[in-house]
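Next come two complexes, and both contain chain A; in the first it sits with chain B, in the second with chain C.
Coming up: the complex of A and B.
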């Protein structure tokens, strides 16, 4: 009883949030799951039970393998997005970590795209990724032409095979600065004594980074991968803004929207649940891992 | 976005490690060369936006894309402003309440979960955090159904509610990490010995030292509500929705006016950019608070 009196007020203060999240996160996910196993394929909404049919249809019986195509697009996008942000993020953090004058200025500029919405940046990237080549070239192709790098000119996101790799360019532009900030904090979190100890042992700069500093950054790198990775799986705004909803650049998040426009609720719900599972496979182990790491520390 | 676990609104950790080692050598040339090269690359889209927004007529064509305007005009800015003004105002009505409400809720939750813990607090915290990572499509279908069948009008008030609810995890996380690192356990203990209950401890001891946490969550929630498109497109329309919807309508039309689109993109980005430039230090601090595991 005394213990309850002690914890009670805290739980009471927390309870509105807990109820809201229980309803609007877990409750609505359950609702979506229920729709995904129904046969609600139009606005009339006959609510019979369809079992896993909607799921199996997505993978085996979708017109032109549309869903598998959207997953393939998502995979290419995610790989390029992750590789790009990690590469530039680490490189920029490393440059600043080595000490440059006006570091705050560089940091601000590298990070500023993050304050811009994907919808706004899509407006300009649509133009930068103009597919015209040669004499009609515009945007990035014109720059490449001007640098005599014509062979690098591309049709960008309109390319049927690798368009999604180009679609990742604006995303890399927006989030590399964020990853840089993460790595920079990681660099700065390494105790000075560690560097000094390595210097005392006569380690070269190369060995200092290779054997002492970079290994310390592993948890930061993991966090960055998780954050950027889960953002990538949810990517919607940017693609809507650059290409609009269309076959070439469709990812599951956009497919949900398209299915809803045709009132195919069951299908939209099934895609949402698959998307949720994809994210959960990455996030849940990570949450458990960080929870444990915190307890033992 | 963002993750989990442990400290800090680590603004101070961002100051350079050591002021030393500033001799100019080949290494420095490479270093500055790269740093400036990337600076130019990052600013390139901004250049196109600004330059194009002041162009008119044949200037806007693909061939002269990189050129400065042959004649500077603000006509496109006027056109974009006319198209975006109502939603610009509405988006403030969205982002400001979201930022304030989420922050207060986050502070209360963060305090309980870090310094007034109950058995199972870690599990509860993890369950709260999961809400931050879900693809919102997984809740959007029923959410839309609730709005349409119960007859809650689509638009700003609905969006305020939704952003506040789904903002709970990130704000709770930021404040929990903030209190865990800045408020010593002994302080709470002392208040307890003096007979102060939870609410009094929170109001008189914790809130006055929470300003840095508030700055972080307010910036964070303001920015994400301002920039949101997903909730907006599901739960509002061009007549009652925020500016991202209006911009996409302006820029995504069949034959879009490029100059006006670019001016519109700049207008849309202006408030978050101003917040970011003025409060950038805390903005970065917020990123750290939400994401760094130490």
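Coming up: the complex of A and C.
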């Protein structure tokens, strides 16, 4: 009774959000999983249990290997997106940390693109990444043409092999500032004493960063990778507004939407579950890691 | 004492939160009485809205005592409306009538038993004689008809820039694919790198379907969509190869363009030809571009590839009498005139007076009466939404990979998956 008094009110206060989570997150995940093993392929509804057939069909029996193609697109997009945001985020944070003038101004400038919605920036990037070259060039290609840098003109996202790398450009532009903010917080969190101690030991600036500061940034880098990585895997709105739904730039999230539009609920649910598992592969180890880190500290 | 107060605070807080969430669940019905007809469309602006308004004023005259309620959901070329509609149908809260492409796109609703059979009303309203037989055949699913088309558009039309063609010395329209290739070469020789303008996947599907009609003929073409013709047919292989050759005359940025962007290439004289549905006539007129001409896709002969918007009677509609009166108005001569003169399409009825319509529509109306009707997959009259999605995806892949055997295999697989058993 005493113990109940101790944690009872807290549990009671938490219960609304726990119930909502149970119903609207975990309940719906369970429901989606149930649909994904059914044969609900049209508006008629489910006639029975299909087992893992929907999943094996996605990987082995999809027309034109559509699903595997969408996974490949997602992989290229994610790699470029992660590398780009980490590089620019770290670079900008490093420059600001070295103490440039008007830091507040630059910080705002770099962070601001994050405030724009992917839909709005996608429309603009659709114009910028106009695939025409030469006389018909528009957007970035026209700028490059005007600078006599014609050899740099590109077909951007319409390139069949590396188009998804171009698709990552707007995403990098938008989220580098956020990664910068994370790193900047990381830099600021390193106690001044460590720097002073390194200086006393006669460490060069290179040594200071290489052996003292960067190792301290590992948790921040990991957080940034997780946050940007899971955003990348669920990417939908940006691609919808740059290219629209089409084969060339299809990623699993868009495939889900297309399958839903054609009432193929089982297939849409199966793709959603695969996507959930992909994100979980990244997120769950991170949660375990932070859990342990919090316990030891 | 402190603990009890904490508990009390917690209880009050929880209660407040729960009431707040419970407030979300009121009835969304909106109390439409038995005299209101809720018409669910994605016609929210432009010529489509004007056409709908025309139809409504006719409805008010014909169906005294009934009130029209606009249930339009704007945006996404109908995609938004379709998702809203799907959830309403699932909750058994259907609108009194909704817009859908006539033909096979209705098959999902028919299979799910969400729409009522209208065959008997077709007889009462005399629609079986008013519509051409080809259309009635295309609309009939296992002996039953489920929708009333409000308009007809034609898909297999090539639009041209007169000036570009005159510069290349082309004076008359080609009648077969060989002639078309020769003309495209002539335009290309005048320094126009991409004489045939085309846009992303579905516009390529339209072009491909026209080539299929040329290479297979109308009957075998229709058979592709109802299981009568095998997609592994040699004629399909030939069509894919012809289509591949046609793509060599098109703009390389095709996957980045919508149909209006491709239309602009023709208007700007950067291309000579574009295959598009005949809503292009109304659009070119609206954009004050007069220098255009048109012809049936070469080799299609007397084939009229149609698509139509239609209205249905959903199962569980609250006001069946009112909806039937709406459907009767939609099919009537006066209703079709009120709608189509404003929207820029032609009436499905063959007894309409051509004098009421602009120049292009007059020609199309004459063709509609005498030509052979075939359906279109890109616009849902030939295939279900799932099949359409698979075909668009396959064409999108072909646009980059140019793999003839791959496209044929993908289309055959799609047919196997979606054709009515």
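By definition in this document, the second predicted complex is superposed on the first by the 296 of 297 C-alpha atoms of A that agree within 3 Å, B and C clash if a C-alpha of one lies under 4 Å from a C-alpha of the other, contacts with A are read in each partner's own complex, and residues count from 1 in each chain.
The rule we apply is simple: a residue touches a chain if its C-beta (ideal position, glycine included) is under 8 Å from a C-beta of that chain, and two chains touch if they have at least 3 such contacts.
Since we're looking at a predicted model, the values are computed, not measured.
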| item | value |
| --- | --- |
| Touched partner set for A:237, first chain B, second chain C, both or neither | first |
| Touching partner for A:37 - first (chain B), second (chain C), both, neither | neither |
| Superposed model, chain A: greater residue contact from chain B or chain C | B |
| Which of chain B and chain C A:212 touches, first, second, both or neither | neither |
| Contacts of A:286 with chain B and chain C, given as first, second, both or neither | first |
| Chain B versus chain C as contact partner of A:203, first or second or both or neither | neither |
| First, second, both or neither for A:248, with chain B first and chain C second | second |
| Touching partner for A:160 - first (chain B), second (chain C), both, neither | second |
| First, second, both or neither for A:92, with chain B first and chain C second | first |
| First (chain B), second (chain C), both or neither touched by A:20 | both |
| Chain A positions touched by chain B in one structure and by chain C in the second | 9-10, 13, 16, 20, 126, 130, 132, 136, 244, 260 |
| Residues of chain C that touch chain A when the two form their complex | 3, 6-7, 9-11, 13-14, 17-18, 21, 79, 82-83, 86, 89, 108-109, 111-112, 114, 200-201, 252-253, 255-256, 258, 270, 384-386, 388-390, 392-397, 399-401, 406, 410, 413-414, 417 |
| Contact set on chain A toward chain B in their complex | 7, 9-11, 13-14, 16-18, 20-21, 24-25, 28-29, 31-32, 35, 88, 91-92, 95-101, 103, 106-113, 115-128, 130, 132, 136-139, 142-143, 173, 177-178, 181-182, 184-189, 192, 219-220, 223-224, 226-227, 230-231, 233-234, 236-237, 240-241, 244, 253, 256-257, 260, 265, 268-269, 271-273, 275-276, 279, 283-284, 286-288, 290-291, 293-295, 297 |
| In the complex with chain A, residue positions of chain B that touch it | 1-6, 10, 13-22, 31-32, 34-35, 38-39, 42-45, 48-49, 52, 62-63, 65-66, 105, 108-109, 111-113, 116-119, 122, 124, 126-131, 133-144, 165-166, 168-169, 172, 197-199, 202, 223, 226-230, 233, 244, 247-248, 251-252, 258, 261-262, 264-266, 268-269, 272-273, 275-277, 280, 283-284, 287-288, 291-294 |
| Partner chain C, residues of chain A touching it in the complex | 5, 8-10, 12-13, 15-16, 20, 41-45, 63-64, 66, 69, 126, 130-132, 136, 155, 157-158, 160, 243-244, 246-248, 250, 258-264 |
